[in-house]
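As structure tokens, here come the structures.
Both complexes shown next keep chain A, but they swap its partner, so chain B is in the first and chain C is in the second.
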Partner chain A sequence: MASIAGMQICLLAGPRSIHQRSGTSINHGLKTSVSFWRTIAPRLQPVLPQLRIACAAKPETVEKVSAIVRKQLALPDDSAVTGESSFSALGADSLDTVEIVMGLEEAFNISVEEESAQNISTVQEAADLIEKLVEKQKA
Partner chain B sequence: MAFTLRGLKVSPNSASLEEARSRVFDFFKTACRSIPSIMEIYNLHDVVTVSQLRSTIASEIRKNAHIDNPKVIDLLLFKGMEELGNITEHAKQRHHILGQYVLGKQGLVQDSSTKDEGISPFLKSFYETNYF
Partner chain C sequence: MTAAPAAPSRAEILSLLRSLLRVSAKFSDYNIREYTRRRTIDGFRQNRTLSDPSSVANAFADGKSELEIAKRQAVVYSLYAPKVKSIIELYSKSGV
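The block that comes next holds the complex of A and B.
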């Protein structure tokens, strides 16, 4: 189950990188400097950061996170809260986001650092961060 | 003075609304992280849960969410830190905490028995406000 979810996320990340490369080759005529760079340094594209954080969180962690989010935002039980739903799309303002992070801290008995807390915007990111912190705690 | 045990965290005025906003979040996180010890001090384990206290704190912050002057926000944060400091150093008592943060805003006069149902709505809102 976890591997299937992981594979889905990796597949999602894959086509994005392919589109990136085809995009720059289509813009060939716009600026000569772009084509110049492409001939000199073909490996210039940086590795997309999203590719690294993929394939991480377990489904039950995502489920727990969704339950906490649902309770915090007072959503009905049948509303769609998936890994990709962002907090602002579900109707949370910034204080709600901080409160959700605090609720996750309490539920999973972890402590989230300042910088990592700023970047959480979707349920999936929150679940990944939790997994990483739980791993670090166990080690 | 205002802060006796909590380290004096008052800094010069926030330069911008963004800095004030991040300070509000830091204050909220400090408050949330001290909730377990507050429940321990005032023996609130049977009365309320951590998430209820957390949402009470959030609603208090949200009451002032419409303010956009950084200096006003700084002052409100100062008062909030003072209140939090008082609570964590046990300068308050259990009934203060219960009345201010645990009991809902239904008013202190409730319909507890049959004879109370005859009370006028004037008396029921007496503790809330003068204007209704």
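The block that comes next holds the complex of A and C.
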């Protein structure tokens, strides 16, 4: 809510302030603020064919998720685990995926429901879901 | 009871695994908690390669009854939980 109120102030102040606004709302993801701006003032930037509402997860969250995945799959510390790596590509089967999700639940103190848990396939998706649940818990 | 039990779907099996892991986290005693967790994971891994539907269904039914037992025991253990936590738990939490 605060970031949307911030958007309106941004409109009056002019396009230059978008950078400052993006700086303060970094926790909600740059993508939200930039996409909103694009729909309001299309003449400044080309209109995107699709509007991405999703907020990107913080890098620390992705790091934590990667660490848990590495520990579960017994991968060496220097193995490449990025946001885009899928669990199956890293060698996890469905049992490993369930264990990873349980480990994430424990580490972040959240509770993932059945349907959402079954749809997680990459590290980025897991981090996004975690962020969403942590936000909901704080609210 | 001669009717063959229906083979569980993949989603049901994963849901059973999740329920077992969740209930094992509820135990107040460190040893039992770790044991249930280890045992469910080992049990599911051992039966991973089962292909015969009746043996899969049997394993699933076994898992379900174990889940019921674990649920009851979690409640019973919590009634008689000691005030002092196990030393292993305290040390592992503090990282010593």
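FYI, the second predicted complex is superposed on the first by the 84 of 139 C-alpha atoms of A that agree within 3 Å, B and C clash if a C-alpha of one lies under 4 Å from a C-alpha of the other, contacts with A are read in each partner's own complex, and residues count from 1 in each chain.
Heads up, the rule we're going with is that contacts are C-beta pairs under 8 Å (C-beta built on N, C-alpha and C of every residue); 3 or more make two chains touch, one makes a residue touch a chain.
Remember, predicted model here, so these are calculated numbers, not experimental data.
For the composite obtained by overlaying on chain A, chain B and chain C cannot both be accommodated without a clash. In the superposition on chain A, no contact is made by A:A89 with either chain B or chain C.
Judged by the document's definition of touching, chain A residues 94-95, 98-99, 102, 106 lie at the interface with chain B and also at the interface with chain C. Taken together, the chain A residues at the contact with chain C in this complex read 93-95, 98-99, 101-102, 106, 114, 117-118. Interface residues of chain A facing chain B in the complex, by the touch rule stated above, are 71, 94-96, 98-99, 102-103, 105-106. Against chain A, in their complex, chain B makes its touches with residues 21, 24-25, 28-29, 32-33, 50-51, 54-55, 58, 61-62, 65. Touching chain A in their complex are the following residues of chain C: 10-11, 14-15, 17-18, 21-22, 25, 41, 44-45, 48.
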